[in-house]
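Chain naming follows the written order as A, B, C and D, and within any one chain the residues start at number 1.
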Amino acid sequence: MDLRSPMAAVASDLLRYRARHDGGYWNTTGAARFVLVSELAPLMRADGCQTFAHGCVGGGNDQRRFARYGAQVAPGLSVIEPWTNPQALERFPDREAMLAAVAEHGLRLDPGSSAERSTDANLAGISHESAELEDLETPVTRLRPRWSNWPGQGPAEPETVTVTFLDGRVADVNGSGPDPVAWMTLANEIGARHGVWLRDVVERRIIGTVCRGIYEAPGLELLERAWSRILQASLDAAGRELYDRLAAVLGAAMYEARWLEPAAQAARDGIDRLVGEVGGSVTLSVHRGLVQVERMKVASAVVQQTRFGSGGNRWS
Amino acid sequence: MDLRSPMAAVASDLLRYRARHDGGYWNTTGAARFVLVSELAPLMRADGCQTFAHGCVGGGNDQRRFARYGAQVAPGLSVIEPWTNPQALERFPDREAMLAAVAEHGLRLDPGSSAERSTDANLAGISHESAELEDLETPVTRLRPRWSNWPGQGPAEPETVTVTFLDGRVADVNGSGPDPVAWMTLANEIGARHGVWLRDVVERRIIGTVCRGIYEAPGLELLERAWSRILQASLDAAGRELYDRLAAVLGAAMYEARWLEPAAQAARDGIDRLVGEVGGSVTLSVHRGLVQVERMKVASAVVQQTRFGSGGNRWS
Amino acid sequence: MDLRSPMAAVASDLLRYRARHDGGYWNTTGAARFVLVSELAPLMRADGCQTFAHGCVGGGNDQRRFARYGAQVAPGLSVIEPWTNPQALERFPDREAMLAAVAEHGLRLDPGSSAERSTDANLAGISHESAELEDLETPVTRLRPRWSNWPGQGPAEPETVTVTFLDGRVADVNGSGPDPVAWMTLANEIGARHGVWLRDVVERRIIGTVCRGIYEAPGLELLERAWSRILQASLDAAGRELYDRLAAVLGAAMYEARWLEPAAQAARDGIDRLVGEVGGSVTLSVHRGLVQVERMKVASAVVQQTRFGSGGNRWS
Amino acid sequence: MDLRSPMAAVASDLLRYRARHDGGYWNTTGAARFVLVSELAPLMRADGCQTFAHGCVGGGNDQRRFARYGAQVAPGLSVIEPWTNPQALERFPDREAMLAAVAEHGLRLDPGSSAERSTDANLAGISHESAELEDLETPVTRLRPRWSNWPGQGPAEPETVTVTFLDGRVADVNGSGPDPVAWMTLANEIGARHGVWLRDVVERRIIGTVCRGIYEAPGLELLERAWSRILQASLDAAGRELYDRLAAVLGAAMYEARWLEPAAQAARDGIDRLVGEVGGSVTLSVHRGLVQVERMKVASAVVQQTRFGSGGNRWS
């Protein structure tokens, strides 16, 4: 089933609301949980399903995310969570027992998954976790990225990217046109090609644990450089301060699977007002992990160029 | 008069408290005003001076900064502000008239200053403003940096930098030892050599105007990459959230010349508690504008490596 | 000219958004500045006026409020502010000189105003300032309230008030019906009769000074007791936290005359989402300054009465 | 065992830090959990105890509070929580079964406790919960207060109370002297006598449920009227704003049993700086639920009485 279109719509929201988490990374895996549940539950219902099951293990965020979004989006469906069920735990003490049972039934699962490593990929980005990477002393260079070149391995020449914003959303990336799937895909390709850098993250989980992971989100990283400059030039001081507070509310809401709750809706309404008419275009030069602003044009800047340009540097 | 030592102490504070401004840049020029007034006023008094004068023009931040710090640090000194004095304004309508008068008296001033351009440099960084750069559409590449290479002009080979933190402060940079003048100087050299990037800033000024400037702070930018990782691994979720709030208070306080006021003191006390025993070391690879973490060690991490490393990715 | 209807609409906004200031009082005088400028400017324009003048003196908030609202609501009108005009100051060094000039021209002003005392009254409330009251050691009992009885002087018997809310606004007060002028007037009468208490305020002014004043807002005080209970029962934890933050933004915005700026608009949009469907009714008993909740009904409570009522106080 | 002295010390902290919860009430029951665990655990250890047990049932806050404080204060003790133990739940399905078992062993418990009602009293205040009160439509008047008169039942004459603060703490209440047990006891007596009002509370619990309760804290309510006035006159605008933020952190920390965690320690350090030298005295008149300020003296006020008192109401 192709969920790229709703996933791209959420990626567009992540950018508009700067809904980043803990230290400023794009929590694309949390966003994917929202898309999965909100898109699949109606189809399950239409097919007459009465039970919603997910295979999340204990100790992570996703058990909570599936539970919260399930309760909101599909309140009528009953839920099976094997890891909270004593009988299921006895029958399937770990992932390997479960994979064996699956194989016994003649089914095949992606052999890439292991009990030591977890990867989650969608149109907005990829998260990497593993026993090795959890050790803070393991350098990120031990990772094998899925999409991205390392910065040093990118093309010898810089690439120029022009991002256009209209009404607070991306309207175009290098001619992609306004379809979020198109500009998200293109931004990912460009960002990945030039090694726009991976985020090395320490997550304080919903469930209380803290651990380290790595995120690849080359497209969102790239677009954010353009969007943050447009914001900086378009909002006044009080607007910028409120934007940042509401963005923090939304970053936490996406992480904690509270995207549909009233506070998150209210925060989006507030930001919609602040950026609803913000636009402009930013031309970036991308090269070996580095993103530089070449030039920009803002639809409606708060900047008053009255200091030096109009002789402001005089006595009065 | 050599103020590098107090300036380095303030730079160390800027880093410890992440006292950055508006969009996240190091407001080194605001910090220098604090150092200038707090270091010079006692000497002026000791010399029997009774009046404190500064040559700030209207429309900028520094008129307020000198006024505020002057009132706090040297409450007994009377103040002369030519630009608020009608007689002075009549006699010296602009910078050129003032420079002419200076020349008439046989004195010489740095000819680099012009009515179209303003640069302010100190051990922590440099700010650039000019009529041309104020136009948001003027690319930053039109600037001639004072310290920094452009990223593409740096050495062909990466340079490795190890930053060690003890009790929430830099204790060493590549063998510099703990003297802030030493590590600040070395960090600036390394950051400048490899073009650790300039900040292209939109400032919402104390005085109400908004304008664009460029900041070079290669040392602080470099050190921040290390410090932010140490923080991320050392604070729990509530601690991190409070740290960020207090850091925002202090970023604004430094910009607005309120560093000595009670709220800023209280914010520093709060952060002192949070980071007072935080330490570790981070090894960075610096190359052509890019700073990557090679490896790190944290004195006391909140990270509990219990998910994959200890089989957390099982059913229970 | 009768501005009670727009004033009542703003009072309804103050309540909906809990736009209170510094320590939690109803800044009704700031609200009146907004109403005055936004209602009068269009009429002035229609009459062909080209200049906007106000008589505010230095040292207070209103000089800033008239300037800010004037610039936003009537950007084309030129402004005369006598106290910033050296010629006007020479001709009219103080209030008495101005009053004398007015009298010379055969005009008469309210003799109640004096250079020692300032009162400002509108449908939402009254502010009192005077040389005597500015001294923190002067008890509030030295005041002669304009509307309110002192608590001890109210009727011997309690009065019952039922406030009904619909879609986040007052819909009725004891049968007043939904017209804000009607319910605001009635709430003021009841609150004043029973001495619902005056706020003794320390204001940190826009202009930087700090001083003490007294506010009478018996109607808003009364209604707030009902509204705060409805909110408490209707919002979830994250919604309540966001509401309080946005309310603080709006309290400051009204005080500082930034009610029409983007951040205030965004804060209102956020709260509109949170309380747009909130309703219920609260019955209060009002007696000698005391307001007690007799009973309440909430349209849609977040309260889950599952603890004791459904045996929650058991082991599991 | 007499824990009044540590309980009074915590009450003094609650006031100093205004560590109130959700809508502004004194969460005295949460504070008592902190005192109980931190005072009893060292004694248990000294007696050679190896296990820490508590009888909290599911669905409430205290299960989390005992768990959190136990883990911090007595990390070496193992814990028994009957309600999370399947065997215990089978043997004791509810409170009655447990009480029966206690009786079988010839022990006697306070017969006042029932499965329908919960009261928790300590020197700082009392919380009331019951099946009946959980219904928002049940008026608070259905409660039988433990300490307080109803406002209408208080003495016919007002009572005068003078509260003196030194270095940010209560130093005296009507001659009690500085011992917190003495002034807390006296403030409770006076507040209770005059029916200083009960808080009718909706709590959003740690565990996720929401329910309604009633709190009696006559002493803290009374003292808060004095303390808030002292604060209002002693802090500047930025100091007041930071105080309020840190107080919110501490209110939540006490509710959620995070009083000993780094963020709470840092918030206390910040407020200690802001109020460490704040002092003064406030004379209140207390009568039938109403508390009015008669007069006050502040050690070091930020109020500058320069507006009317010094002719500020002039043109310039």
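To be clear about the criterion, a contact is a pair of C-beta atoms (placed from the backbone, for glycine too) under 8 Å apart; a residue touches a chain by one contact, two chains touch by 3 or more.
What you see is a predicted model, and the numbers here were worked out from it, not measured in a lab.
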| item | value |
| --- | --- |
| Fewest touching-chain hops separating chain B from chain C | 2 |
| Equivalent interface positions on chain A and chain B, same or different at half | same |
| Gap in Å, rounded to a whole number, between the CA centres of chain C and chain A | 43 |
| Averaged-CA centre spacing for the pair chain B and chain A, given as whole angstrom | 31 |
| Rounded Å distance between chain A and chain D, as computed from the means of their C-alpha atoms | 42 |
| Interface hub residues of chain C, defined as touching at least two other chains | 236 |
| Graph class of chain-chain contacts, one of line, ring, star, complete, other | ring |
| Inter-chain touch pairs (all) | A-B, A-C, B-D, C-D |
| Chain B-facing residues of chain D, complex | 235-236, 238-239, 241-243, 245-246, 249, 253, 258, 261-267, 269-274 |
| Chain B partner contacts - residues on chain A that touch it in the complex | 22-23, 57-60, 82-83, 88-89, 92-95, 98, 115-118, 129-131, 134-141, 151-152, 197, 200-202, 204, 209-212, 228-229, 232-233, 236-237, 240, 287-290, 292-298, 301-309, 311-316 |
